[in-house]
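What follows is subunit A paired twice: with subunit B in the first complex and subunit C in the second.
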Partner chain A sequence: MIAELVQHVVNGLVIGGGYALMGIGLTLIFGIMRVVNFAHGEFYMLGAFLLFTLFGTLGIDFFLAAAVAIVAVGVAGAVVERVVLRPLRGQAIEIPMLAMVALSVILQNAAILLWDPSPKTIRHPFSPIPIVLGPIHIVAIRIFAGVAAVALIIGSHLFIRKTRLGKAMRATFQDGEMARLVGVDVDRVYTATFSFGAALAGASGVLLGSVFWVYPAMGDQAAMKSFAVVIMGGLGDFLGAIVGGLLLGVAESLGAAYVSSGYKDAIGFVVIILLLLFRPAGLFGRRDRLR
Partner chain B sequence: MKIGKSVAKALALLTVCLAIGGVWPTEAQQEPLRVGMIEPLSGPIAAAGSYIVNGAKIALDRVNAKGGVKGRKLELIIEDNKSDPAETRNAAEKLIVRDKVPVIIGAWGSSMTLAMMPLAAQHNVGLVVETSSSVKITDPKTPGSKVVSRISPTSELEALGVEPLLPQLGMKKVGYIAVNTDWGRGAVVAFGDVLKKQGGNVELVEYVGQADTDFYSQLTKFKAAGVDGVIITDDAPKTAKMLQQMKELGLKAKVLVTGGSAWPDSIVQLAGAPAAEGVMFISFYNPYDHALAGDPEGSRAYVDEWKKRGLPWIGVVEGMRGFDAVNLVAQALGSAGDATPAKVHDAVRAAEMKGLYGLIKFDKNGQSFCNIILTQVKDGKYAVVGVTPSAKLWNAAAAK
Partner chain C sequence: MRLPARALATLAVLAVVPFVLDDYYVHLLIMSGIFFLPSAGMNVLLAGGQLTLGHTAFFGIGAYTSGLLALQWGLSPLYGMVVAAALAALVGYLLGTITLRLRGAYFVLVTIGFAEVIRLVATNWIELTQGPLGLPGVPPFDLGRAAFTLTSKRQYYFVMLVLGALTYALCARLLRSRFGRALTAVRQNENLAESVGVSAYRTTLVAMVVACALAGVGGSFYGHYTQFLSPELFAFYNTVTMVVMVVGGGQATVAGPALGAIVFTFLPEFLRVAAFYRMLIYGVILLLAIMFMPRGIVDALQRLRRRVPASVAEPPAGGEPLVVADGRPAGGDTPLVVEHVTVQFGGLTALSDVTFSLARREILALIGPNGAGKTTAFHVITGFLRPTTGRVLGGARIDLTSLPPHEVCRQGLVRMFQKASVFPECSAINNVTIAGHRLGRAGFWALVFNTRATRREEAALAARAASLLQFTGLTGRAHEVASNLSYGEQRLLGLAIALAPGPAVLLLDEPAAGLNPAETQRVMALIQQIRAQGVSVLLVEHDMKLVMGISDRIVVLNHGQKIAEGRPAEIQRDPDVIRAYLGAGQADARA
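For the complex of A and B:
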């Protein structure tokens, strides 16, 4: 019984790490830019497909290919900010939102044309034979995905806390006008934020794409989950996104195991409804969230 | 002058009428016959839908190469249902109202097919159902079932077809994992019944979402319960993931995969040979054994063409459904007096055709009985365990 429970929690944490990465990217973009990024799932998909092409098709080393894929998604994010979002800045919130919906449709269909809709497996270099710890089975790729997610989360935290650009991002989050007055290049901050958020989604796609598989519509569900994570954590709340992501992963895993797997996706949303009933401003319910 | 003017007017009117109605006798012959097709071409099951369209196009090109139907070119208007029942209904409405097609082929998933049936029945447009296997679709009590002609088997027929072969599977305590749709839910009932008759029992049933990729929770439960058999009803990619994850979790059990969409070659490719070894599948078509198909000649031509076009080999068994559906529709359009929906539907229902599925003809509920083949991955290769030919199922039904 206990062993089964531990296995469910471990499973949930690994998936939750991926959700958290997605959530951080989405919450940063919303918190700083006030852009609801409906194309977030497509950056996730793009990360996975780039890894598939670089590693699976071109035969580049797995870890190098993963890094290149993440950076490339970041560059794609910067281009999108510069070309699509910047001209729309200052418009009502739904205008860039609609642009992102359009981008999502375009990217997903482009992926169908480029890579065809059949699911692809990334033949990662990790052994498929599980590591057995007593009654717990876990495969190396999942450990790698979990550890890498934690490393990326800590890295993102340090980036925002310690670097000059990170500080500029936080300043812009608190008060864009004021930040501009004291000399922060807000345009640059916006480009960096969107690029960084997209790269995190891409990283999540690289990790979960390696664990599961890669196909053009994979972003749909991932995007839905990351919206759930962000709402749970509080819009713009960095720490909230991390805890929300892990919580959603574990809640789904336990819910599927002990309640009903047919309602797995619903369970996450029931958690959100409960949370919003009791903590309407998110898990931590703070106003100045980008900490 | 006056007469000249009215003649000119009449001529102009006639030209307009002809342009609108398109009733030039020569043009009428050249006007292509358009048939509707609805498949999932985006969304989580887009791969399966694209294979069916590939198969349909092979049949279409063969029909047109032989001069089309009654001298007219056959054309497919293909719509994407985005793997979604509501979108399927929208696509059907577009095909019926705007394109005025006399018959629609579709729509892969049972829930999707069920969603468009009432609308099709309202307009009396026949549906040729190529993949869906929910029992509900040909149940006379279901709204819209009167316009259905289904070439794919029901889950009940699948279960019936493998019943004689089941004892050798040796499953007693079964965990059932199925997609949470009309297809999955129907199959759980059908196979649960057959299993019970043989002294086995479905101890645990787990439903999974159409876009799910992680099945650790469900499989961990199976492992904890100590099942000796697992039955899977889902599409090929998800089945592959389930088998991989069974291996990862150290869940050892005999596995049977129903539904005909997953087959040895696709699972060996998607899951890898170690995870696929020993797994059994219910198939309706064997691309290595043309003699088994109702139409061996057609089967050979189909497989050759599939390879020639460089299509993914793992889709060849799914693509067969589209191939048979288009051939059936072409035959019915040829024998129907004219291409009105009602006449075409009657012609489909009256048709008897040797296809890749087996002998295709329809009972009073519009159901056809196909070959049921039990296949297995043996040493990483395709192997046949046993066959129940469609003729035998027809005889059994007639005896009843």
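For the complex of A and C:
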């Protein structure tokens, strides 16, 4: 009984790590650029498919292929920022948002043409035989995905806290106009932010794509989940996204096991509606984010 | 009702269409119409600055409601449609009450989540919906009786045309009425809207109910037209289609959603020639459309042929320009009392036990060094900030302490903001007309049916706006967009806006800041004229010449405390005041 519970929690944490990565990317992009990135799920999908092609088709080493896929998604993000988002800066919030919706239509349909719509698996080099750790059974790829997600989360945190670029990002987050006045190259910060956020979504796709299926529409659900994560944690809240992601992963895993697997995907949004009723500023409610 | 020639011509063309085109195009036009309904609703809400991405939920609720009623109880789809609209409106109202205090991206994301939950319910509530299998055999639409069942595409087309025309007329009336102006005000400058008596929450809530009811009607008709219901109705791409129609057509315009619905229904169909590349090309066209005409087709067309603006209403001839509304400077002899007000932010005390009152026809200046708490006092008085302790009383000693800003305005207290004091995208005259919101009495249905009383009221509001522009000397700039006005002109417009609701107490936050001496003189003269009409003025100002020149009394704040109160001459001699402004040494040297 307890063993089963622990098993579900551990499974949930692995998926939650992926959600958290998505959520951090989304929340940074929103917090700094005020862009609601509706193509976030497609960057996730792109990460998974790049790994599928580089590793599965071209036979490049799994870990190298994973790293290349993540970087490539980051580059794609930078291009999108320069070509699409920069000209739209200063428009009302729905305009860049719709541009991202259009981009997601483009990317998803391009993926259908390039890779066809059938679900695929990535034949990762880890053993499919579960490892037994006390009461729980877990396959190695899930351990890898969980550990890698934690490493990437810590890495992102250090990047934002310690590097010059990370400081510039935080300054822009607090007050873009002021940051520009004291000499921060805001254009560069925007490009870096979007690129970094996209790369995190790509990383999430690489990790969860190795555990589950890879298909062109895989980003739809993932994007929904990351929106849920970000509202739970508070828009623009880095720590909130991490906690929100992990909580959502665990809640879904437990909900599917003990409540109803059909409603598993609704859990995040039910939590949000409850939160709105009782804690309208997000889980932590640290900032006035209502406007 | 004024039916312009263009509307009649459009209707005539649309009536002939099904006799000319074959059924395939008639079908596409019906689909355009069906999607026009929810899109038009979404557009009304977006006019108030709130974008919903959960609209497909209400579309689906409408479809399932009348579809299930017809399937299970044999209720005529016509009545089912009414129930569908009512249920969608009710759900929209409930969702609105918990979400419309959120703004921008928050609201967007929550509405997406709501639609997702509803989709999952429709998928999983197998007993009711048969889940993903869907419900086939939904009865066709009829006009209240089985004998009037629609049997051909042409019949569906004409019913759709009636529904579409009614929706178009409804939205046109709403968007061009006082309600529509309130939506514009909330979208462009929510704080200013509140301060002139517009409740952002109530206004957007009404818009939400309208939007959801229209989505319910559209969904209901869709269900009976396709005769099939499935959870696919709730798919996110349906919402995307609606948003594309609204924004692609022209958001917050009347014609935008209609044009958008037709263009973005036909476009994907025409792209069928591209076979596999269809959706890819659709996405690219969409992206290019957003990038090169972010304000939509209607705006792009208007740019092609600039319209001559309508003329400004004539200000009422002769006599003093009317400043005070209905000649009623309410509030008795002391229209404002601030009693023992303390405001603390965490450990910081911004105001400490401040008490003062304002007499009728008095000009009272609130002065003090930076950080003294003047603006905080304004926030407290006008309802933007609740004091930690203490009370604010209006005329007849009505307690204003816990009222929101728009209610404070209704009690006759209106402020002019120091920054962002106009609705930037509206013309000067529209700025002032919007701000007269509080004086309108016509209710929702009176606006929809544009009753004689409503028309009279509109004419009176327009005339009043014109006379206020004349009063502030901006008549010549009436049709200029506010953000194009010079800084000084914007300040004057801000003053006209603050006067529009007919205040008994006018609160001016540094009205002369950044003005040149001539403009400052003008503002001083205007303030005196305003007072002459029975209005009390509370003034925060740094320009001491102005303050000493026109104030009857002065209250001095320093570090959140009232350190002096009296006539200008007394204040100039007060040692505490001199110390606060010039530092201790100076005061001692003088003593």
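Simple rule for what comes next: the second predicted complex is superposed on the first by the 285 of 291 C-alpha atoms of A that agree within 3 Å, B and C clash if a C-alpha of one lies under 4 Å from a C-alpha of the other, contacts with A are read in each partner's own complex, and residues count from 1 in each chain.
Methods note: a contact is a pair of C-beta atoms (placed from the backbone, for glycine too) under 8 Å apart; a residue touches a chain by one contact, two chains touch by 3 or more.
As the structure is a prediction and not an experimental result, all values here were calculated from the model.
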Put subunit B and subunit C onto subunit A via the superposition and say whether they clash or fit.
clash
Could you look at A:Val139 and tell me whether it touches subunit B, subunit C, both or neither (first, second, both, neither)?
first
Who does A:Pro216 touch here: subunit B (first), subunit C (second), both, or neither?
first
Could you say whether A:Val230 touches subunit B, subunit C, both of them, or neither, answering first, second, both or neither?
second
Going by the contact rule set out at the top, does A:Gly262 touch subunit B (first), subunit C (second), both, or neither?
both
Under the stated touch criterion, which partner chain does A:Gly155 make contact with: subunit B (first), subunit C (second), both, or neither?
neither
Touch test for A:Asn109: subunit B only (first), subunit C only (second), both, or neither?
both
Is A:Pro125 contacted by the first partner subunit B, the second partner subunit C, both or neither?
neither
Report for A:Ile15: first if it touches subunit B alone, second if subunit C alone, otherwise both or neither.
first
Against subunit B, colliding segment of subunit C, chosen among 202-210, 220-228 or 346-354:
220-228
Both subunit B and subunit C touch subunit A; at which residues?
109, 112, 220, 260, 262, 265
Which part of subunit A faces subunit B closely enough to touch in the complex?
4, 7-8, 11, 15, 108-109, 112, 116-119, 121, 128, 130, 132, 137-139, 208, 212-213, 215-218, 220-221, 252-254, 256-257, 260-262, 264-265
Under the definition above, what is the set of subunit B residues touching subunit A in their complex?
41-44, 46-47, 49-50, 83, 180, 206-209, 211-214, 216-218, 220-221, 224, 237, 240-241, 244, 247-250, 270, 272, 274-275, 312, 314-315
Residues of subunit A defined as touching subunit C within the complex
30, 34, 36, 84, 87-88, 91, 93-95, 97-99, 101-106, 109-110, 112-113, 220, 224, 227-228, 230-231, 235, 260, 262-263, 265-266, 268-270, 272-273, 276-277, 280, 289-291
Subunit C residues within the subunit A interface of the complex
46, 51, 98-99, 101-106, 108-110, 112-114, 116-117, 120-121, 123-124, 236, 240, 243-244, 247, 251, 276-277, 279-280, 282-284, 286-287, 290-291, 294
